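Letters A, B, C and D name the chains as they come in the text, with residue numbers starting at 1 for each one.
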Amino acid sequence: MRTIDAPDMKVTLLMVAEIAAALRMVAGEVDEGRVPVGEGYRIVRDAGLLTLLVPRSAGGGGLSYLDYTRVLETLATGDAATALGYNMHNVAIGGLCESARRELPPKAEAFRNWVFEEVVNHGRMFASATSEVGAGAKLTGVKATYRRTGDGFVLNGRKSFVSLAGIADYYITTARREESSAVDEVSHFVVAKDDAGVSFEGLWDGSALNGTATAAMTLSDVRVGADRLFLGVEGMSLFKLVREPHWMVSGYMGAYLGVAESILRHTTDLVGADTRKRDSAVVRADVGRMVVEVAATRALVHEAARLVDERKGSVDANSAVHAAKYYVGELVSRLAHTAVRICGSSALRKSNPLERLLREAAFCAVMPAKPDECLEYVGKASLGFNMFDSTTIEW
Amino acid sequence: MRTIDAPDMKVTLLMVAEIAAALRMVAGEVDEGRVPVGEGYRIVRDAGLLTLLVPRSAGGGGLSYLDYTRVLETLATGDAATALGYNMHNVAIGGLCESARRELPPKAEAFRNWVFEEVVNHGRMFASATSEVGAGAKLTGVKATYRRTGDGFVLNGRKSFVSLAGIADYYITTARREESSAVDEVSHFVVAKDDAGVSFEGLWDGSALNGTATAAMTLSDVRVGADRLFLGVEGMSLFKLVREPHWMVSGYMGAYLGVAESILRHTTDLVGADTRKRDSAVVRADVGRMVVEVAATRALVHEAARLVDERKGSVDANSAVHAAKYYVGELVSRLAHTAVRICGSSALRKSNPLERLLREAAFCAVMPAKPDECLEYVGKASLGFNMFDSTTIEW
Amino acid sequence: MRTIDAPDMKVTLLMVAEIAAALRMVAGEVDEGRVPVGEGYRIVRDAGLLTLLVPRSAGGGGLSYLDYTRVLETLATGDAATALGYNMHNVAIGGLCESARRELPPKAEAFRNWVFEEVVNHGRMFASATSEVGAGAKLTGVKATYRRTGDGFVLNGRKSFVSLAGIADYYITTARREESSAVDEVSHFVVAKDDAGVSFEGLWDGSALNGTATAAMTLSDVRVGADRLFLGVEGMSLFKLVREPHWMVSGYMGAYLGVAESILRHTTDLVGADTRKRDSAVVRADVGRMVVEVAATRALVHEAARLVDERKGSVDANSAVHAAKYYVGELVSRLAHTAVRICGSSALRKSNPLERLLREAAFCAVMPAKPDECLEYVGKASLGFNMFDSTTIEW
Amino acid sequence: MRTIDAPDMKVTLLMVAEIAAALRMVAGEVDEGRVPVGEGYRIVRDAGLLTLLVPRSAGGGGLSYLDYTRVLETLATGDAATALGYNMHNVAIGGLCESARRELPPKAEAFRNWVFEEVVNHGRMFASATSEVGAGAKLTGVKATYRRTGDGFVLNGRKSFVSLAGIADYYITTARREESSAVDEVSHFVVAKDDAGVSFEGLWDGSALNGTATAAMTLSDVRVGADRLFLGVEGMSLFKLVREPHWMVSGYMGAYLGVAESILRHTTDLVGADTRKRDSAVVRADVGRMVVEVAATRALVHEAARLVDERKGSVDANSAVHAAKYYVGELVSRLAHTAVRICGSSALRKSNPLERLLREAAFCAVMPAKPDECLEYVGKASLGFNMFDSTTIEW
């Protein structure tokens, strides 16, 4: 396993571009089931990308949110599925990594150190397993439960849409205290792939992104030690989400930006090679519009990520990530339509990578935060609602 | 084989709705390759739909263009692929059927009668095979050739995007006179599936619509008698297209309208059954917008078809069908995006018929007439260009 | 005063086109205040258009809703302001005219006959005065009151956005029974311009449509006889609106369609006269898109009007008029933008009629039914809400 | 006269915000003609803003293109007309200011120094007068001519759309060498307001932006010295435009961004103050969408300006400014429509500042670079055309 030593972002991006090139070679094969789903993750893990967010003091790459977003963007130009799955590792550990400069109580400190060591020294991959059927990742809908035991907790429940299912080593999951219905009794825990009672079932049958290895996870009387309670404190889940929603809301916005860039590149390549299309002022105007829209979205996404780095948890930063998540979803959908219009039937051949990209593009609008949720956040924030009041937005 | 005796359109549409219901049962299976491609056509043929356009005087249903469009719309709510394939039968024979009241020279009369008899008395299915690689169905790009022999013609060439490949009994195809490059030396011929030298290769590998049975057709020294020359006159292809483009341009607009209606119905069904969504004013507004857009497009499509019936071949009618074809393509694409946004991840599950509909929707924008061609026609017509001058629009 | 004798719609439309041409000559002058506001109405009144809707049996033109919509469309191509004001006359009497074949109780019958006679025999113009500040035309917001006296009623209140203010002879207005807050205690009354206590204040200072003569109307202890109670029955206002909303919702959709057609015509005229623009494929595609969008909206508007004629008051018809009203508003706005983009700076010169049309176009989205209300109606109707339950939609 | 001493951008923006507040007080009055057009410019001149771009070494503010864009954005939130007029001063001198670090031949050096001194020491205002009727600012359309005399040049011609007409002290204008038709014989000259033969006629009768003081300028045998030839070299106009189009293309993009922000602020203020609207999830979603779109456009505009600062004249920077100019034009138009929809009739009252903003918004799409030109540049650049070949884009 190689780790990222070079702090310099240009070098990092060049390296990631190479990894993306490697992923590009297998993306289609994984999509069609001819290569096993884990192949993309093997490449990413071997390249040392799992440590990118971990603070440098703990042996990681110490990337900012902006730089992380650019890494994901580049990675996704190779394979969106792998980039999206890889993002879930970072969603799981991102908040901890960002907290590195803050002093924490001893239990939390120990938890954080354990996570960093698992990632840096043992090459472990984490995943996030917080969605449930009918409720998405909303805390109000958490039905999984936990109860205290002498030395830890027992978890029961069923999580849906778990990416990296059976591939990640650890899963950060949510559970509500038994017999409680209060949102502030929801806590985050870590379960290991091999813990007794943890099981994964059939891959999700989506029209694309098989490569994310998304499945349901069942927890049957899973016993975990007290050290597996997230940051060592119960009932902090809501606080975490309301204050710093950027990972859940916009972690993968970079990945969809990468998809957009790939759709654009395939389209310009095709038009460039087809004299008839290249000579059409109407087609060039369409291509020009695509370029402008991608550029605007990229500028917005980068600006949002920069705001997170500068004012993490502020209403401005939170609003910006909701805005960017919404915009990139609209972009890829519009782009997909225009690409089909410009490229014609070849865009819809299974043998054309563009065909896969078009299917992948549709997913941006269904992954949380959903478009309507994004607009609701942005709208309320701009109208002066108190965004730290948990009744303003449903979490 | 049953024929359509009932002149009454309501009865016809009710019958077609029943056929659509039958098609709906197998559409998914054909899409996934679990049921052979011909199944939809068997249903349509057995129901007697092949004769719908043939004049009543010749034993057919004598449908107007508007009524045909409504039939196709209804049929496509069951299965778009079958409706699109079925449309190619009607594209092939539609012009002849419409000419029924016009007196023709003896040779042409004989040809027309032969076609009607083949359809009505022998249940034959026709198809249109006029596209070639790199040129679409443009006459200027026809590379297939014919040469005269003592008693007929010899054809050579390769046609692409032939729907009903190997299923239809006859194929109406285009060829240029050997050693000529003039557009007015292109003629239409009929070849039979079993003629020596006619062969079909591998189905087109599109992301949807396998059920159309679209493949390439090769003609190797195919000998046909003089009676297989379309209407018995050489060099009439351009005249035919410029004057009455409605079949080529808009034959299947009804089918895409049916796809739009299916997407809408799936969405309202899902929202109606999900209290959370039904209670959201934002979702209801989105659904309302979908309803409005479908209604506007249907009104435009029906209006265009009515214009064809009233003033076939007029600039107004021709412009209207180009307008309608463009609009329905934009509609289904927008609708697909909104449906995904409203329905969320369930819309993208392979087990959901909506997922197939979304893939099918994309095809409207790539089938001729292409969106840019439609706007070019409508734009020029509205600016007073001479639309009967073959240099105005490339055919 | 001429009346419309010719039942034939083609003749009527030709006559209306002539009137539109006359209006076109003064539209700009009225807009700029160089010709008094009443001039357009004088033309319309002199031409006999006030009787168009009155049943033939009562001496009027007996136009259907579809034919009325087409008349308004044609009229508005001459002057939108006059067409919109003229529409308010028809909104006021339209429901009565449509009820002509229904037998009514004696009081209602007398009321209806009186209205028809006033219009046909005395050339009176009616207007609708039902909006109030902060509530629009919603019955729930009616603050004007009435109380019974021995032989009639006394009205007090203030109505806003009264078109034809001081020009119409009669105003149909709404009032709530004193000391009642129930919506079903709202009734419609007729007040005359010269009734004691009726006054009009300063014209509304809008950016366009001065020609509608829109102002506020104050009712100070206005005494009216029992024969001025609409149809002779109190408390029917809600029933009227919920059951047959087409006049309030979509009466003027024809007028905005006319505006759209004028914008389009100005644009095609300008492009046709400018070789550089006419030779640009990009401009032609833009023009083509405008043509398509106008055609689709016209088809939807006509279809909605036809549905009203066929199934007045049905959910389908009501939903269709909301859909059409919404769509025409979106159309004119998009069209205005595209026209500016195509025509360039000349579109924004005060001396160009297009400049006025662009200002007028904006009003479609603010006149009731508002876009959001339209989508709410259509969305709820398509999701199976009970549209005759007065809690479903706020009236 | 105060000059900008403070290099710190925050301080500058705060100061500009104050000036904007002062402009806001008079914007409406100037629009309606109740305050003379020059008032806004007096405020800007007195505040010392004329020197902002001049290099610090020459006594100016030395602003970068990005910082300039932000200044213009802030200024335009007060009054778009003044910001747009002020921008023409900077379009006129911007290229010179940016060239400050480059050594130039003696004549050019003298010219540059003269301009800087006129601005810094004498408070002179410049303007750009390069458009002609029917050709815009295209060099290919320049009909104004010059001929050499013993000690200078004689200019003749007529320029249109000259902002700051009669207000600026100097006008940078273009002329073609007599008897030449070659684009590379077009040169830039400076004429003074008071030069014999220079005259201005009637203000342009646009629907907004009277405050820009836009009129036609006639040059009748205007004699200027050799020192008034731009940079002292003839025939450099094309080179200048092709290489560094950012001033002509995007100088005022900041101003339109400011208009967008004002429209947004008026809308959120109105919704925030109207409980009914604030409580509507549909309205909040609309507001949210406006916020997102403004944010995306601002990010794109700032990114484009940053690229100019980093890689002035590169294809990337040039393409970025065309993209940003296009996008901001589409934005303000969409925003205007949504604002009307949300705010309702109050948005269209002449007494509401929003009404003026909506009229101003339309101008972005007609000022050069036109939307189609922008897309043509961006499309060609992305398809690998040689953008430094003067045949690629018409200049």
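Convention: a contact is a pair of C-beta atoms (placed from the backbone, for glycine too) under 8 Å apart; a residue touches a chain by one contact, two chains touch by 3 or more.
In this text, all values refer to a predicted model and were calculated from it rather than measured experimentally.
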Study note, to complete from the structure: Ranking A-C and B-C by C-beta pairs in contact puts on top B-C
Revision key, fill the gap. At the largest C-alpha centroid distance from chain B we find chain D
Study note, to complete from the structure: Whole-angstrom distance, CA centroid of chain A to CA centroid of chain B, is 43
Exercise for review: Give, as an integer number of Å, the spacing between the C-alpha centres of chain C and chain B.
Suggested key: 42
**Study point:** Distance from chain C to chain A - Cα centre to Cα centre, in angstrom
**Key:** 52
Point to revise | Of all residues in chain A, the ones touching two or more other chains | key: 280-283, 285, 372, 375-376
Study note, to complete from the structure: Note: in the complex, chain B contacts chain C through residues 268, 271-272, 278, 281, 283-289, 291-292, 295-297, 299-300, 302-303, 319-320, 323, 326-327, 372, 374-380, 382-384
**Study point:** Residue ranges of chain D touching chain C (in the complex, touch as defined)
**Key:** 161, 204-208, 280, 282-283, 329, 333-334, 337, 340-341, 344-345, 347-351, 355, 358-359, 362-363, 365-367, 370-372, 375-376
Practice item. Spell out the residues on chain D that touch chain B in their complex, using ranges where they run on. Key: 280-282, 285
